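Order as written gives the chain letters A, B, C and D; numbering starts at 1 within each chain.
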Amino acid sequence: MTATSNAPVLAASNVTMVFGGLTALKDVNIELHEGQILGLIGPNGAGKTTFFNCLTGLYTPTRGSVRLKGRTLPSDPAQVTVAGVARTFQNIRLFPSMTALENVLVGRHSRMKQGPIASLFHGPSFKKGEADARTRCLELLDFVGLSGLDDELARNLPYGDQRRLEIARALATDPAVLLLDEPTAGMNPQETEAARQLILSIRELGIAVVVIEHDTKFIFSLCDHVSVLVQGELLVEGSPEVVRGDPRVIEAYLGKPPEEVQAEVDAYAAESSAERTSIIEPIRDRRPNEGGQQ
Amino acid sequence: MRNQTVKAAVLVAGALLLAACGTNKEETGAGGGNQACDQSKGTLVIGVIAPQSGGLSALGLGIKNSAQLAADQANEKCAVKGYKLQVQTEDDQATAQVGAQAATRLSSNANVVGVIGTLNSSVAQSVQPILKGKNILMVSPANTAPSLTRGGEYATAPKRDFENYFRVCATDDLQGPFAAKYLVGKAGKKNIAIITDGKTYGEGLAAEFKKQAEKDGAKIAATAKVGERDTDFSTVITSIKGANPDAVYYGGEYPQAGPLSKQMKDAGLNVPVMGGDGIFDQKFIDLGGKEGDLATSVGAPTETLPSAKAFIDAYKAKGFKDDYSAYGAFSYDAANVIIASLGKTLGDAGTWGEDKRADLIKNTQDYSAQGATGEVKFDKYGDSTNKLLTVYKVTAGKWAADETGTFGG
Amino acid sequence: MATLLQQLINGLVLGGLIALIALGYTMVYGIIQLINFAHGEVFMVGGFASLATYSYFIPESWRSDWWVALPLMALGGALVAVILAVIMERFAYRPLRNAPRLAPLITALGVSVVLKEAVRLFYPGATAPVPFPRVFVDEQYTFEIFDGTITIGSTAILMIAVSVIGAVVLQTYITKSRMGRAMRATAQDPDTARLMGVNPNRTIVLTFVIGAALAGIAGVLYGIQITNVDTEVGFLYGIFAFTAAVLGGVGSIKGAVIGGFAIGLIKSLAGQYFPGGTQYDLVWIFVLLIVVLVFRPQGLFGEPERVRA
Amino acid sequence: MNIPIGWKYLAIFIPSVLGLIGLLVLIRFAWKKGTEYVTPRPTLSRPLSIGGAALGIVAALMPWATFVLNEGAYPDKSTLQFFDSPWAVSGFRLHTLLLSLVALAVVFAPIRKHRIHKALGWSLIGIALINAAFIAGNGGGFGAITSDGSSFAFGAVIGLVAGIALVFSGKAGPVEPIPHLSTDVSRVVAYAVLVVSFTALLLGVAMMLNAGGQGGVGNPYAGPIFLSLLAFFAGVLGALHAVGVTGWISRLSDKHKWFSIVVLLAVALGLPFTEAGTDYWMTTATNIGVYAATAIGLNIVVGLAGLLDLGYVAFLGIGAFVAANFSGAAAAKMGFELPFLVAVIIAAIVAGVFGAVVGSPTLRVRGDYLAIVTLAFGEIFKKSAQNDIGGLTGGANAIPGVPPINWFGLSFDKPLEIAGVKLPSGVMYYVLIIVLVALVMVVFANLKNSRIGRSWIAIREDEDAARAMGIKTGKAKILAFLIGATLAGVAGAVFAHKTSTVAYDSFQFIESVTLLAAVILGGMGSIPGAVLGAALLLVLPEKLREFADYRLILFGFALILIMRFRPQGLVPDKHRRAELANEGAEGVPIEELNLPDDTPGGAKAQVAR
């Protein structure tokens, strides 16, 4: 790797987003370096999702810019992915009727070259490209811990595996930055821990990771750097220890002493995961969530 | 275990063997109709290709029933020695492609002697070559496009492409001009608007009408087209109303013509609508055809000819559910052409076969008799020599014959 | 000038009819994002049902008084349309509410074919257009202006009046009544609406019912204006009405009405003044539709769609 | 005051509808109770099956109709009393006999019987109901199938009872798994099995096509004969499935894919040599081929990319009109004739360009609005063609007289003689269309299993997620339209020459619906599905002429019911088949379990684990 550690992979500078008269984001600055895990937390309506959408090309910031390796991000999600920012979705958005392997192969789309003509004739170079892609995707399935499940339909996978598959699919785009939108939502403690390990090993690959989470415990135990968004503004940022101890965070976001919050968070996680595993519906029944924040 | 399987197999085989050597006693029963005639040689089929569903089914059903009537009468009179005649009707849904499929179905049955149809000239175009390929006689009761018999250059260089094709009705190039002569000459309309429905029949008829009307000194004040499925004609009516026409000639069929006439009156354009045999149906009046509207139809008025009277009485006696409509009498004549020519071809002891088809066509060419629509006879192109046409007028809620004559050019 | 005015009147009359049908499309689409292809056929069935009411259910002595016969016919038409809509919603669409997007669309197509064919097969004489009595004051009012005359019929006036009144009543109902609020809530977010105590199923059925009743009434008005009904009209007016709904912005009552009048006016003006005349009026309508969709996908009065995260 | 007639009809109509519903509910109730009774009693299985089979044999030997119907004697001597012809059984009565004998034999054979008996039983029920309905319907009531005083005919009734008994014998006791036969057989055996089974398929198809002749006056009972044969074949297939043979053959053919394709092609080309090798069936088969090729194209748009196209037949029309104009027909705009292959390429390109144009609003327009845009395009095409736009379509006069394809002096519409075997006319078109359909299938399969095909499916499944994976969705969707339209254009060129008249009215909205129905019936995204769908939609109306008028309404019901109960179609593609393999414990496909939103959470949770 040639990039030096002080040149950020992803840099958002003075990102401001105004909807009508409402300012959703105000002068948000973030820097992300290679191999870094950045946690993004904040209460409901703080603008996390809006910011996330700015990073994925769904929104173009009203002011300010997002740069990937020094270049301004394009304003089209597909091109953002091609440029090197991959994402997962808060409410899993897999391709339910495709197999696990095919899902990952779709992620490989932008790194493959075969055009319509090659696809029509299935020539030797097509076959080679296809075989290479399969090998790579099988490796990725292996990497996220889904080996042997490649021929399973995505909709038939258990909830936790669907989350992993989504990460494998995102990794297949060879991203420089991986954005994870509430990766542990609905998981039980074991699954959460496995997710944490997985994210740590993604970092080992030299990929920078941004995690949005409600689960503060998860964030504080995982991230190198945590940013707190409150009412569209960056309130505090720094190492987990710094953020956790900052009185403004406790007041604005947590509203209670840290220990108490921690207990509540744990209870919530246990309760909600128990509840959710019992009423999991096949994913195609799930309506895409309109606003994102609830 | 194995032993049991063998046993089971033997059981099945034995039972089947028994079944195979059953007796050959034949069923007997009522079916078959009049036993006075010898029908030992089997059944010959007269095919009918006409719309049996959709907007034009009223006309198509009339064609079918009238052909059935002719066949039933022939069976009673032993018109074809040794054979029973049956009518097989195929629905062409008034589209060319379905018509072609129907023709193929009929043509692959060796017992089909001839085909009556079609109603639409556009369908006839796709049926003609298929039947010609098998040398099957085709007699149309209703095709009015001149090109079907005399080729694309019918006016200047007529050429017959289909020797197997005949028709018992008059073509557009007679009917259109005849209507023009009446409307311009007798009714004295000099400022005429033309509306067409964009289909083969209507467009052809209106084109022929226009030529003659202009020759006779009338002005074509406006032309407009309506869609096949349109029901609201207010736009079209307004667009021609500006030209203040004193009559409207409609090239098309009754499902649109009736409402058109009514809506014209509503819109303050109270002038007569005239059309061809496609609007000559009681339904035209039910749907809004107003007093004074006109239609031409081929042949003398059915009610005045004795042969036609016989047809109508027989039709009514049969108790068909549907009316015989505009083409019933023609269909009846067409069926009789086929039956009589077949009878002549087979004689007293002939046997039907592929080799008889050429003779059948030749005998049809030479056919001459008095039918329900007047004299039925063909010229060298297969067109009817009967050029008699009648103008009908809506009077007291019914079509009444107004003038009968021939078009002399 | 007279021609232009007359065409404008023609357009408004047609537009009124289209608007009435478009209301049903717009409401159903607004609430469950379903293009109910069958809605055009419901309109057609409404026309036939009201004709049946007249010919088979109203005693002959009542038929001559339009103030007796017409409301009864409208009732009959609307009733049958409503029953159909309820059956259709319950047995065809509701089971598919969570199915892939294509499934209910194809079902709607199937329903529309079934309705049309059922009428064609089982209504006496419906293989061709069936005459419809003009059960209303049958007057044509003619005015002399500038260079000619313009004519407007009593039934045409009724058509415009009913569509405008219908739209106003509907708009008031939806903004003011409790059920109307429930409807809007369900359209925005069915899950949240359910949490707030709204029964989404009942709300959706109600939407279908209102749409169908309007379509049924449109059927009667069509009958007395055109003086015949035909199984083909459902498809044609269905397309017009849906186009109107999309043009005006799906989900918007105001949009559907203005879209309806716009389509009516374009149809009659294009028929008169555009190249190709009435043969290509459909083309112009669709060109307009595509242009609107490309430059303003939410339609003229629709809310812009929120971007999904 | 007279009560208008409508009220009287209503007074009859409402009670009869309620009565009918009541009857159905009653039957359903009885069926359910019966099932509940026999399921825990495996000992009942044997007596029920023996009794059912015996009754079936009796039914086969009994007369089925009490008198000769008006349209002629019901086929297979079913009016003859038993003592007149004790063993004269043929046709559907022979099938009944065969099914019953097999059922009886199975009782004593050492194999798992439940599924076999169920299949045979349903087949018997089918045959009995079909024939009973026709005889009673044509004969004017139940007297025709029971007794009219002088003669009796209880065949159908007994057959029905026999079938029900067999089905219930299959229900008594636990559900047995289908045996899994090993595909580890030598190549020779595998090839032989494949050849035999595909040949059997060919003969079966030929038999079905010919069952009862072509209908019409000569064969008034073609419909019931065909349906009975269908029920018989269904029973046979069901029984074979129950012993694991069909699954085995299907796995064998998967294993020897190329050999299977070659044999299948050979078998398809063998159809003209069978009894179905008539002009008529060749024409019908060619029409099926044209529709199938077009439907496969549509399948790319609808099945893979998930975009509803309601004006698709326009591309077929564009292809046809282009080919007609370059065919040298008298009415053609171009005064010269191009070789067929060149014309095909031009037709494909022109159709493809139009496809891309029509698809272009997808860049901005949401999915369901696109349906309206495509519908609009279909209507615009029809209007333009009807008005002879640019003198290219012949307007109302159409373009008649398109000459048949002629290669090396071989005119495609003439009969052919190969090695002394006379082949019907139109056979060359049949061969051409088989080759074309095979090619189109290869195109479809190759695209589907490629980067592009995956991107289409991804768009269908979740467009936002697809975009987030770097797929340029707009481009991909336009490409789908372009390729689909191109395929339709090619099919249109063949259509033009085969039909010889190209008229605007062959390309109406209802044809687009037919194509869509073919895709949906067969299974969206499935390769053989579109062909099967097209075949069914064209063959069934030909065979069931009695219901010609009801064709479209049945069609509409089919669309509704398929979407409701079997959205994956008759031949689901691989992914959807995988779903089916995950059947619940009671053999209920997952699809059906999670339908109503008011289902208690239990069932869903169970399915989703």
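Heads up, the rule we're going with is that a contact is a pair of C-beta atoms (placed from the backbone, for glycine too) under 8 Å apart; a residue touches a chain by one contact, two chains touch by 3 or more.
Composition by chain, UniProt nomenclature: A = ABC transporter ATP-binding protein; B = Branched-chain amino acid ABC transporter substrate-binding protein; C, D = Branched-chain amino acid ABC transporter permease.
Just so we're clear, the structure is a prediction, and the values are computed from it rather than from any experiment.
Looking at subunit B and subunit C, the chains that touch each of them are D. Using CA-based centroids throughout, the chain positioned farthest away from subunit A is B.
Here D is the chain whose Cα centre lies closest to the centre of all protein Cα atoms. Separating the centre of subunit B from that of subunit D, both taken as means of CA atoms, is a distance of 34 Å. Separating the CA-averaged centres of subunit A and subunit B is a span of 72 Å. Chain centres here are Cα averages; for subunit A and subunit C they lie 46 Å apart. In subunit B, the positions touching at least two other chains are 53, 198, 225, 227.
Residue positions of subunit C touching 2 or more other chains: 98, 100, 235, 279, 308. In subunit D, the residues touching two or more other chains are 383, 386-387, 464, 549, 594.
Within the complex, the subunit A residues that touch subunit D are 56, 76-79, 81-82, 86-87, 89, 93-99, 102, 105-110, 112, 114-116, 118-122, 126, 130, 133, 151, 153, 155-156, 158, 169, 173, 278-282, 285, 288. Contact residues on subunit D toward subunit A in their complex (touch as defined above): 443, 446-447, 450-455, 457-458, 461-462, 464-473, 479, 483, 575-576, 578-579, 582, 590, 594, 601, 604-605, 607-609. Interface residues of subunit D facing subunit C in the complex, by the touch rule stated above, are 1-7, 9-10, 302, 306, 308, 310, 361, 364-369, 371-373, 375-377, 379-380, 383-384, 386-387, 464, 509, 513, 516, 520, 524, 549-550, 552-553, 555-560, 563-564, 567, 594-597.
Listing the residues of subunit B that touch subunit D in their complex gives 1, 4-5, 7-9, 11-12, 15-16, 18-25, 27-31, 43, 45, 52-53, 86-88, 91, 94-97, 100-101, 104-105, 107-109, 111, 122, 125-126, 129-130, 133, 145, 147, 152, 198-200, 202-204, 225, 227-228.
The residues of subunit B lying in touch with subunit C in their complex are 53-58, 198, 224-227, 229-232, 234-236, 238-239, 241-242, 254-255, 258-259, 262-263, 266-268, 283, 286-288.
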